[in-house]
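Two complexes are shown next, each including subunit A; its partner changes from subunit B in the first to subunit C in the second.
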Partner chain A sequence: MNKTLLGYVPDESPIYAVHPFVKLFFLLIVSLFPMFVTAPDWNIGLMVVIIIFMWISRVNMSTLKIYIPVAISMGTIIFLSYTVMGGTHPEFELLARVAGVNFYWERIRDALVVYFRVLPMIFTMVFFLSTSRERDVIVAMRSIKVPFVVTYVFAMSLRSAGMVLEDFHIVRQAEQARGFDPAGKSLPYKIRQYVMYMIPLFALSLRRSEEFTNALVARGYAFTGEISKVKRADYILTHYSYKYFDYIFIAIIGLAFVALLVFRYGFGYFQVDQSWLIGLLREAVS
Partner chain B sequence: MTEGMKSEITGKEIWTVEEGEKRSIGVIHIVLTALLIGIGFVVGAFGSISFPLGFGVNFFWTGIVVQQVGAIWFGAWGVIAGAIFPFFSNAIAGTPFYVSIAYLPANALQAFLPAWVFRKFKLDPRLKSGKDYLYLFLAMIVSSILGAMWSVLVVLRGFDLLTTDSVPLFIWGWFGGNVVAGVVFNFIMLKVLSPVVIKTTAFVKKWWA
Partner chain C sequence: MTSVIEIKDYTWRYLHTESPALNSINLTIEEGSFVGIIGPNGAGKTTLAYSVDGLIPGQYNGIKKGTVKIFGKEVESYKKGELQQVVGVVFSDPEAQFTAMTVEDELVFGMENIGLTIPEIRERLEWVTELTGLSDLLLKPPYEISGGQKQRVALAAVLAMKPKLLILDEPTSMLDPVSRKKIFEVLKILKTEEDNTIVVIEHSLENLVPLADQMILMADSEIILQDRTKDFFKESGLLLEKGVYPPGALHFFHELSNQGLYRGEYPLTVEQGKDLLRQLIQ
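Entry: the complex of A and B
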């Protein structure tokens, strides 16, 4: 199994046949798609495609459970934002009035449109995080010639996030061993406890920064001055090369985006009034 | 005697580069930026997942402590880290990629303002006087107001994610989530750790070194 940024993917996953840059390109371009598409049908279609990609990549779908509360809370907030806090609009069609709150058709429709525009963006991000390892991100950045120092900081940040999590568990265990137990306690208690985590976490990181620095200096690393101008060998990139299908994927993603823009602005496609799903809902509530 | 003198160092002296004192950008600053991004990633994601309002806006955003305290101690390095780490923590917590990127100016500003106030008015990061507390509090308030305005009025409205009527809730959510968490953590962190941090080589007196 390979540890990705979000979970684990088997070594044999076909996703590793693809160059890491293709995954980054997918994230950067496909995340833009929902911004130009208002019809929920197409955005749901995009989500289905991403789920199929996850399935093909053999992503462990159980790791995605953490996003269920996010999806529910986001949906609830969008719905409340568009209905309960949506204000009074005589120009809209009133469907129902419950406890003084007006539920307008246009507001419910807009809430659905927004929700189904946000979800595919999240799916795209989750797909990237669940199929990319730290090394993939570094390779993708180096392959598009991102400066060494930026890539290095990025890589070190990802590593340090893992270390901070580890430190967090150690600090928590140390405090539990001293009788700190958050179970069943009030929110202020938990917040106070959180302060007690933060101080050692910061202190540990400060100490670690000196250890890191000494290790880097001892290995001859420098980010400024003459030494930093020496061209570095990209050993990691020698393990990755573009294959013919990488170019095909890049072309497909790029062309799909161009086609989307042409159909959207040239022919007026992907509009909410063309949505089959919204039409169905309209009939159901009228 | 030397120890006694060091303990009496004033806020103004903390930020003043002594004659003959050489300060330059070092590997430690790059390392610190990375570590701050790492801490912020974890701490910020905790707030984003535990108290979400939506689209990366939270009722209690613990990442603010890394953003503001980090920038006070480490100047531009802290500002850079404070601007970048929310991108990671938001991404993990389910905020769309381009929405996270668009928050960057708000996060940079929230990190920059307290750091600028401390340097401009030569305040003591160990919080020795009422003025230090007051200016920090005001900087937190103003930076959170500006951050909330940008994030909600420019980003969320720009992406057409909110109705006009729900804008106040999100502005209050962003502002309150930052200020409450800031009040809980910033003062304690500065009070407890500043005496140690200002003595380290990593401490930044100007902006870069």
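Entry: the complex of A and C
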């Protein structure tokens, strides 16, 4: 298995044939699609397409289970924001009034629309991170001539996230070895005791930054000065080349986006009132 | 011979500390020599390595007295990144030195920083991976390989930049004996086939002593003893007093000497000790 930013992909996967830039382009463009689509049906369709891509890429689908609680909590927050904290709107259709809270049809509909706009964006990001390594991100960015310093800082931030998690495990194990284990304790207790983790974690992070700075200096890297202006050979890029199908994928993604805009603003498609799902729900609550 | 390192009356005190980390250091290291630096923890060995690589005073605040010259030029007068092209440092914690996400990227990073072209990088990459036995690990993340492999990656990344002066700060402190041996095998090749000046700070002497032309003992922020390796270990009493235990063979002959059973030069390796002992018995 090959470790990616968010999971594992088998050693053999069709995704390796695709240039990293295509994956980045997919992320940047396809995650914009839901912003122009209000009908949830289309956004659900997009999620299905992304799941098919993940299946084709042989992403370990069991890792997706970890996003179910995220999806549920996000949905709950959106629903509560639009209903319980949605305020009073006499101009909307009141469906029910429970414990002084008004539930309007329009607010429930809008909550659904927003939820199904955010979900495909997350799916697109999960697909990208599940099929890309840090190196792919660097190659993708460098291949479109993003300055090295930007690419490098981005890659370092990806790396540091992993390191903080690793350090957290070390600190937790060290605390447990000294008899401190919040397992089975109440949530307020856990939160209070989290300080026990945070202080050493913060100290470790400071030390890591010092070591990392030293390593950069020792390797002759500087963010400023003449040395920072040295023309980099971008050796890694020599391992990657664009194939004909990469251009086809880029064209398809680009054209799909243009088509979406044309259908949305030229012909009025993807509107919420055209949604079959919303219509079904409307009938159900009437 | 040209002096690679020339340190005169050098004192360094870190900010907010009472006593200096290095005190009145005078040290000259000639080009092409292999120098071992030993001493107890807190003796100032790492600070000395940082001073030679420009990390001090560049990255640390403190008070400096005296001069530290590398290839005849004061450390501070080198431009950013210029000193690191001639001085390479390998630190004790290999993971703390990694700057990239695959072994190959790690090795290439330094070479790109100094502006090498793609053919030059390719050539050096082949050389360094063969030298350090990393050819099969190029696509792996450096965090997911064994400790010994990690340290070889760190060493290879510095070697690929072909520094004239190589400093290794306790490069084997986190390694098992087999991995230690592998690191010193690489250093042996560098000593015999390349013209690098190598300074190794190390606690484990078994591997270091056979390679070192010169040894330095540091304690309490000062250089206590500096001599050719063979002569250096004549002062075994002083070394033991400072908590430095000489290699087994050498220690054994030192004890024989104390008992009046042996007079002569101490052997540096087990092999030399074996030959000497055979001669004594015969």
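FYI, the second predicted complex is superposed on the first by the 281 of 286 C-alpha atoms of A that agree within 3 Å, B and C clash if a C-alpha of one lies under 4 Å from a C-alpha of the other, contacts with A are read in each partner's own complex, and residues count from 1 in each chain.
In this text, a residue touches a chain if its C-beta (ideal position, glycine included) is under 8 Å from a C-beta of that chain, and two chains touch if they have at least 3 such contacts.
These figures come from a predicted structure and were not determined experimentally.
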| item | value |
| --- | --- |
| When both partners are placed on the shared chain, which of subunit B and subunit C touches more of subunit A | B |
| Subunit B versus subunit C as contact partner of A:226, first or second or both or neither | second |
| Subunit B versus subunit C as contact partner of A:179, first or second or both or neither | neither |
| Partner chain(s) touched by A:125 [first = subunit B, second = subunit C, both, neither] | first |
| Which of subunit B and subunit C A:90 touches, first, second, both or neither | neither |
| Partner chain(s) touched by A:82 [first = subunit B, second = subunit C, both, neither] | first |
| Touched partner set for A:198, first subunit B, second subunit C, both or neither | first |
| First, second, both or neither for A:266, with subunit B first and subunit C second | neither |
| Partner chain(s) touched by A:217 [first = subunit B, second = subunit C, both, neither] | both |
| First, second, both or neither for A:153, with subunit B first and subunit C second | first |
| Subunit A positions touched by subunit B in one structure and by subunit C in the second | 159, 208, 210, 212-213, 216-217, 221-222, 224 |
| Residue numbers on subunit A that touch subunit B, as the complex places them | 5-6, 27-28, 31-32, 35, 66-67, 70-71, 73-74, 77-78, 80-82, 85-87, 107, 110, 114, 118, 121-122, 124-126, 129, 149, 152-154, 156-165, 168, 191, 194-195, 198-199, 201-203, 205-206, 208-210, 212-213, 216-217, 221-224 |
| List of subunit C residues in touch with subunit A within their complex | 50, 53-55, 58-59, 79-82, 84-85, 88-89, 91, 93, 96-102, 104-105, 108-118, 121-122, 125, 141, 144, 157-158, 161 |
| Residue ranges of subunit B touching subunit A (in the complex, touch as defined) | 24-28, 30-39, 41-43, 49, 52-55, 60, 62, 65, 69, 84-85, 88, 91-99, 159-166, 169, 184-185, 188-189, 192-193, 196-197, 200, 202 |
| Subunit C-touching residues of subunit A, taken from the complex the two chains share | 3, 133-135, 138, 155, 159, 208, 210-222, 224-228, 230-236, 238 |
